[in-house]
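For reference, the structure is listed below as structure tokens.
Which chain is which? They are A, B, C, D and E, in the order written, and residues in each are numbered from 1.
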Amino acid sequence: MGPTLDYLALAPELALVATLMAVLTADIVLPHAQKYWTAVLSVLGLTVTALPILFLLLSDEGTRTMLDGSYVVDDFALIFKGLFVAAGYIVILMSVSYIESDRYYQGEYYFLLLASILGSVVMASARDLILLFVGLELVSGPLFLLAGWRKGDVKSNEASLKFYLLGVLSAAILLYGMSFLYGLTGTVDFAGISEASERLSHTPAFIMAVLFVMVGFAFKISAVPFHFWAPDTYEGAPTPVTAYMSVSSKAAGFVGMLIVTYVAFPDASNIWGPALWIMAALTMTVGNLTALRQTNIVRLLAYSSIAQAGFMLVPFAVAGVSSDPDAIAAAFGATVTYIAIYTFMNLGAFAVVIAGARYTRSGDIDKWAGLASYQPGVALFGLIFFLSLAGIPPLAGWYAKLVMFSAAIGGGSVWTAVLAGIAAINAVIAFYYYARVVKAMWFDPVPEGHVAGKPEQSRSLQLALVITMLFVIAAGIYPAISAYFGDTVASIAGGG
Amino acid sequence: MELLDNGTVLSLITFLPLVGALVVGLIPRAQEEAYKWAALITALVVGVLSIVVAFVFDYGDSAKFQFGTDLSWIESIGSNFHIGVDGISLPMLVLSAVITILAIIYSWDHWEEPRNPKAFLILMLLLETGMNGTFVALDLILFFIFFELVLLPMYFMIGIWGDKSPRTIAMFNLTTETRLYASIKFFLFTLFGSAFMLLSFLGLYFNSGDAGARTFDIPKLIEMAPHLSALPIAGWLFAGMFLGFAVKVPMWPFHTWLPDAHTAAPTVGSVLLAAILLKLGSYGFIRIALPILPEQAMQWAPTIAILAVIGIIYGSLACLAQTDMKRLIAFSSVGHMGFVMLGISTMTEAGINAAIIGMVAHGVITGMLFFVAGSMHHRYHTRDMARLGGNATLMPKMGFILGFIAMASLGLPGLAGFWGEFMALLGAFRPAAGLPVGLFQTAMVIGAVGTVLTAGYLLWMLQKVNLGEPKEEWAGHEFHDVDKFEMAAWVPLLLATVAIGVYPRLVLGSTNGAVKELVSTILENLA
Amino acid sequence: MTNLFLALASEGEKVVEFGAGGQLQEWAWLILVAPFVAYVLILAYGKKLKYEGGEIAVGMMAFVFGYGLLLWVDTIRNHTVFEKSIEIGRVGNGMVFEWGWVVDGLSSMMYFVVGTVGLLVFTYALGYMKGERRNTFFYASFSLFAGAMLVLVASANLAQLIVGWELVGVASYLLIGHYWEDKANSSAGMKAFFTNKVADVGLIVGALALSVSVGSFRIKDILEVATHNGDSLNAPFFGSTVAVAGALLLFFGAMGKSAQFPLHIWLPDAMAGPTPVSALMHAATMVTAGIYLMARMFPLYQEMATAARPIMIAVGAATLFLTGLIALVQNDIKKVLAYSTVSQLGYMMVAIAAGGYTAALFHLFTHAFFKALLFLGAGSVIHGVHSNNMSDMGGLRKYMPRTFWTFIIGSGALAGIIPLAGFFSKDEILGTLDYGGYTAVLWIAIGGAFVTAFYMTRAVALTFFGSYKGHGHPHESEALMTVPLMILAGFSVVAGAVNMAGFKFGESIVLRYTGFTEWLATRDFSPLGDHHPEALEWGLALYGTVAAVGGIALGWMLFSKDAETQEARDRLSIPVLYPILRAKYYLDDVALALVGVIKGPAARFVDWTNTYIFDTIVNSFGFAAGWVGKVVYNVADQGIIDGIFNGSAGVASVAGGWLRKIQTGKIQQYAGALVIGAVALVVGFVIFNSN
Amino acid sequence: MTLGPVLVLAALLFSMGVYGVLARRNAVTVLLAVELMLNAVNINLVAFQSALQSPQALGQIFAIFVITVAAAEVGIGLAIVLLIFRNRRSANLDDFATMKG
Amino acid sequence: MMDFTEPVTWVASILGLAIATSGFIVVTSKNLIHAALGLVGALAGTAGLFLVLSAEFVAWVLVLVYIGAVLVLFLFGIMITRAPVGYDVDLDNDRKVIAAVGAGSLFILTSFAALDSFGDTALLGIGDPTSTGDLADALLGRFVLPFELVSFVLLAALIGGITVARKDATPIAVGETEE
């Protein structure tokens, strides 16, 4: 009498599982020389996974739920699944050259990465506590290990240790909160919780439960004061893994947060609204100001991704604080659009770091001086991504900033206006350190004693750069592309 | 013809330079001739198109936005690709197209220090897209994008090809290269201004909601003007826009970026900066700030007038203290733009017409001044007036042109500069009803005194640079006088100066109709 | 669908025409355009010609002279008043800008004066300037000046008048500073331009005030409104205050151009230019532009702006007398003539201010000829002696007989000796002053006549009598220069006859001819109501002549005796007055001090504020962000956190910070931050929500 | 027998776990402390299940999942501890602070 | 709230006491082995408590999975890291005081919240134990997806763990950081 599973809705997950298995067997079977096939296999697998997602998105016959409501495949879920697959695709492209050059175990690397992608894909449509928790653990488990992939390097060990310990601690706090949620509402699926949440919104236990859950996810998106792990882990971990962490695992954290706040306890916005407001303000400011002083480019990108998380939190917090419904829907749409654009911008930036590091042979920004003179291609990509992060038209970043600002201003209450003000100041500060990198690359003379690195550049890294660059420019000139993400998703804000 | 009506020609004028930039980008760096011609042909085609538009433009009804189109662009926030040109923006569009052609011709065979003509041409074409786009945009977001797009190419032009001499920053005992300090200062200043401008645009967008669908569309916003200017935060909205545009004009307290940007910029860079970029601010006032928030404009008009007049006096006095020739011309721009803003602040037909013809004239004349200053710098390798002298004996043709254009710049009647200043004073004598007449009349008198100071520093500069005996330093030196590229670039500008001076109708014919319409809508919305 | 050209024609009628005028008047714009065409031609082809472009200039001047003559004859014969203008720009629906030309009594007189004197001076210049450097540029600027003067005189509206006015100013700047090799000349040019520009401020503001209040730039409309006291017509704003203020401002503009005291300081320095320039511009035509403006706007001054006239008379009288005195102490012959011109301009201004429209213009007419003659004479002397200073001259009548005799005629005319031209025009002025009841000014005028005669005799004596003190051997100038002198001498004699008031013997009046008066009266608003005596008042004529003869006698007595040096002969040392006059009333120093202040400290202060105050504010913003970043990084990130949690040094305890963090880099510190953050959030919100 | 005391017990265990994580120097002991915290969560879940008696025994199922995931975490944890031990010959957390600022 | 009349409260409170003390040992003992054994005690107590609360299956899972497998892993971990067996003073570092304050405030907060809403709800399930059958139905019914996923978590953890922990054939030289 087993449960009725809607296999079409599960198609992406099934395809991913198939790829996982294929990669694993290939890794075992193939001799060391042909190990690169695992990469090809995983890329193929991801493209196959993308097909059902696109099909489901285009065939608009509404949301498909199964397992009595705990697993929902609606536009919101599909968009994020698509985003995770795309991000995974690009990260793998970036890591092919990186892994080969380090003589590491390729098979397992791709296996773990695909497992993490599977976790985030499941999270996107999870609508109950257990599935969400398992999805979350599936995302972060492999990442703990991937962070420490460069076994010989002490920094990589330290990165994985820090990430692991804090990850497990935040998971414990999350679980404690979930246990209380279950205790108070008696159910595990979000529909039930949201009904109960309305009457409970002032009981201390419920407040504790909600906030502990929020803390769990806040750790994932590295919001201040739970961000301390991010800079060290980003610097220590191998760069493609850092890219993946700063984009996909952060997006997974946001997905969790969005589902929990919008679907599980929309009426408890008086709790998580102000909390998010504080987190947004703190994250933006601390992220931006500390980024000003960074000398290592990866550490700068780490603090920059914290600051961007802060910017993403702004519309999120506005939705929590403001009252009128369509402002909330717009704000919700804004967050999703910002995440989509941020994904491509940041992946591109990290791809540039990988490509550039090959020539500058170090992470210090002053070592990157004069890159434009001997490597104009990479410098041009760097210019596009860093200025897009800064939010300069006609690159996609400006539309993200615009949508974020309009959501903040549209909020209507004094608090949202104050947040918009803080965001404006932060935008200017942010411009300064992005421009510093661009200035270094383009204007400063080449530091003496500089030896040009290996000239050849891996094909797949260039493909990754081109894909992200195309999206960033296309979305910049014709923002309807990223606007599509926001609009289709706004429906979920309307409730369950 | 249908080619013109559905906006294709205007889109071509705006985006052809972008295509040109791409084409230049693709041509390999070796074939210099190939991409130089490609850039020139693109600029020429755009120039011809803009002149065709000027010919076919219906001057009888110059208030209507002609050749426009209104395609949907980002429906979610209700901003669409709405472009069009009317009597006010037409002269600026033609000026922008023509100046770019001349800039390319001028720099045909002498490029600034890190010799990279390909990158320079690409930046110039990008700049042209930004400029043309701003003048045709009729949607706030479109306007904002082109307004910002202009920043990047100029930032790189100043940053890469700028003046490399070290410069100590006062009070901070820090020495950096002039070009780096100037480019970052230019960028941050304008970015700071335009951030607040964007906030105002968003404020307008949100508050336009209750009188019909929310929109970024300028003509629709103008229709909603009575409602918009009655809003409690309308004052703040105008303040935001004022800040954004004032930084760009530049008006007095926000002007400190201009001298640095001009002195550091390469010749063609400062020409384009002076000729067109400064006008984006004042054009913004006329196109957006005044018609959409007329009541606030009236409240702010006295302050703008005072700042404009201070700008005139301040600019002229600062010029008298300069030793660097290009920095003197930069401060003169502050003075001339002071007259343009005085014209706008009077909110009369005379004043706004004065502003537009003043903008066109200043573009032509100061463009020429910077060209000449650039060429002299190219030959003498110095801009320090103390070392220059006797230029008219060393290079008679260059001396004559410098003398002629200095005369035009000081507003000699019969040349283009005069009409802008004269009509601004005319407007100031009797400002729009409701404005303090006494204040504006004192502003008029101070403005008139300003013309004397302008004459002062220009003739002083002429005497120091052009007349007198050449210093012995240049004794053995042989100077080649104006070469054929420079002459080809300069003759059109000189002819334009005389033509507009003798026959101002060339500009007024197109602007007067639109300005009459603009002022009548403003007064209507005020009542 | 009107395209560009049609548009330029549309928007109201393009061409406006008043009064009846034949073909001659229709094509009158040719004389305006000819000089500019000549300017371009000279610049283009001047270099190749023998006289380096002089031929084109003289040809153009001849054409202007001829056409001016025809216009003069036509206006005399059928009293045509004609005005035509083409619209070149329109602002709003009222204010229209036009280029136009007027042919009526006043303007045709000016065409004639500019034409004749211009032609003679141009031909003279061919000789004078031969062998100089940059002649092409000189002739081009000279034609530019002629064109500008004609545009000014022909303008039908104030806008075009301002254009002509400033173009003339620029031409004078170019010509004065012609020998710009040495700084003194170009500074003189700048001085002239600045003084004019300061005065132009008055002109522009006045013109704007009048035309905006009336609603149109056309002089015809302004005068129409002025004469009907602005009540009936559509000029509600045109009250008497605006009229008087406008009139005074216009007068301020005229003061600059016509070198009235104290704005006369630029004229003597303008002598740095070549002599033909001084002759044409700074004697006959340019300086009279101010008088022309007063004459053109005379109805305004007569009807509504009468309150302005007393001030004008006072300024005129001051100019007349004070500058005359300075002429006494000048060593440079051209400077003497310059101050004499300023003084004569004072006469004209006094006349027109006292209501003597015809008297002033008649004096302008005659003065143009004999002053041009004197300047050209001085020019040929300088040409011969190669120096301006009278100290290098003396006894030249033997070497330069023709120049001597023409110079004598000129001086006589200037002093007002009967029957030369000066006598009649000066007498007319004295008559107007007497009729107007301005007795004090009358006596100043007579005193002025005495001073004029006195300094002219000094000049003539020092230059032509006594023994030759200079080195080298002076020679008579060539025919090309002396022929114009003789023609001008003829004019100086004949010009008086043009407006003879006639001699009254008993009842019969003989030799009365008032052609000139009617000629000037043929213009709009002709009933100008100035006083025309039916015959010469003997009393006044006697006073004038006695003053003139007295001056000559005293001068001859003092200066005719020869001495070994010219300085010794120049024994005029009036105790107190001499140093003041020598220092030209310290006016030049005041002007220099003023310019010095503007250029020096004021400009430096402004530039200082720019670099130190504004830039500092901006830079501090820039660096503040960096500084804040450093603070957050060092203090917040390293300092406080390390301080608190390494627990060792015991950093000053952070007041009750509930935020406990374990030190950066340490894993436990991050874990602590996480836990404490969570606890803090929950505790905060529980309290917040519980109430 | 009411729910209160059981929950208090679980809270006590949870807090002791937190203390262990924050105060212990050795990595393995921190892992032990984390296991303690997860155990406290399990007690919570089971206690709630017995109080609520929800039909599908949600509490216990959640507890089962928590246990399995905890097992996986311990696996990963020990692998990382082994890794750092091989490189630095010490499992002392304070030695791992090379990256800061 | 704790009426000691029924025997079950007695058993529960004894178990509770045992769990608390062994938990305390885990976090404060000087000796690593003692700490591990303390954890064993805590887990066993919890299993007992689960039995009291009629959750046999979970109890046995706890015993098998945790005490059986996890603890053995820990002992291996301790053995491999060759921690000193005897008393060593290593375990606490200087942040003890702050950690205690943090943990204490957390305890107060959580227990207050728990008591505030669940002070007196009765533990009904003590009597009838939930049958393992309907547990299985739920697991393979509604929660089949998490069930499958958890297997992947375990798979990933183990494979990853092995690759990370095993000795490399060609390890990168220790300390060489290479971008």
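In this text, contacts are C-beta pairs under 8 Å (C-beta built on N, C-alpha and C of every residue); 3 or more make two chains touch, one makes a residue touch a chain.
Just so we're clear, the structure is a prediction, and the values are computed from it rather than from any experiment.
Chemist: Minimal path length between chain A and chain C through chains that touch?
Modeler: Between chain A and chain C, the shortest chain-hopping route counts 1.
Chemist: Return the chains common to the contact lists of chain B and chain D.
Modeler: Both chain B and chain D are touched by A, C, going by the contact rule given at the top.
Chemist: For this structure, which two chains share the highest number of contact pairs?
Modeler: D-E
Chemist: Need the most distant chain from chain C, centre defined as the mean of C-alpha atoms.
Modeler: That would be chain E.
Chemist: So, comparing each chain's Cα centre against the centre of all protein Cα atoms, which one is closest?
Modeler: Taking the mean of all protein C-alpha atoms as reference, the closest chain is B.
Chemist: Based only on mean CA positions, could you tell me how far chain A sits from chain D in angstrom?
Modeler: Once rounded, the distance between the two centres reads 26 Å.
Chemist: Return the distance between the CA-based centres of chain D and chain E, expressed in whole Å.
Modeler: Once rounded, the distance between the two centres reads 6 Å.
Chemist: Starting from the mean Cα coordinates of chain B and chain E, work out the distance between those two points in Å.
Modeler: One centre to the other, that is 72 Å.
Chemist: Cα centroid separation between chain A and chain B, in whole Å?
Modeler: The answer is 43 Å.
Chemist: Which chain C residues touch at least two other chains?
Modeler: 633, 637, 662, 664-665, 667-669, 671-672, 675-676, 682, 686
Chemist: Could you say which residues in chain B touch two or more other chains, in rising order?
Modeler: In chain B, residues 184, 188 touch at least two other chains, as defined above.
Chemist: Which chain D residues sit where two or more other chains touch them?
Modeler: Where chain D meets two or more other chains at a single residue, that happens at 14, 17-18, 21-23, 27, 47, 51, 58, 61, 65, 69, 72-73, 76, 79-81, 83, 87, 93-94, 96-100.
Chemist: All pairs of touching chains?
Modeler: Once each pair is checked, the touching ones are A-B, A-C, A-D, A-E, B-C, C-D, C-E, D-E.
Chemist: Touching residues of chain B toward chain C in the complex: what are they?
Modeler: Those in contact with chain C are residues 54-60, 169-172, 184-185, 188-189, 253, 255-257, 259, 314, 317-322, 348-350, 353-354, 392-393, 407, 412-414, 418-419, 422-423, 425-426, 429-430, 444-445, 448-449, 451-453, 455-456, 459-460, 463, 467-469, 502-506, 508-510, 512-513, 515-516, 519.
Chemist: With touch defined as at the start, can you tell me which chain C residues reach chain B in the complex?
Modeler: Per the stated touch rule, the residues are 1-4, 7-8, 10-11, 87-93, 95, 97, 99, 159, 162-163, 165-167, 170, 173, 177, 180-183, 186-187, 190, 193-194, 197-198, 200-201, 204-205, 208-209, 211-212, 237, 595, 598-599, 602-607, 610-612, 614-616, 618-620, 622-623.
Chemist: Please name which positions on chain A make contact with chain B in the complex.
Modeler: Interface residues on chain A, with respect to chain B: 333, 387, 392-394, 398, 402-403, 405-406, 409-410, 420, 424, 427-428, 431-432, 435, 439, 442-443, 478-480, 483, 486-487.
Chemist: Which of the residues in chain C come into contact with chain D in the complex?
Modeler: That would be residues 633, 637-638, 662-668, 671-672, 675 of chain C.
Chemist: Which stretch or stretches of chain E touch chain D in the complex?
Modeler: That would be residues 1-2, 6, 8-9, 12-13, 16, 19-20, 23-24, 26-27, 32, 35-36, 39, 42-43, 46, 49-50, 53-55, 57-58, 61-62, 65-66, 69-70, 73-74, 76-78, 80-81, 83, 90-93, 95-96, 98-100, 102-104, 106-107, 110-111, 114-115, 118-126, 130, 134-135, 137-139, 141-143, 146, 150, 153-154, 156-158, 160-162, 164-165, 167, 174 of chain E.
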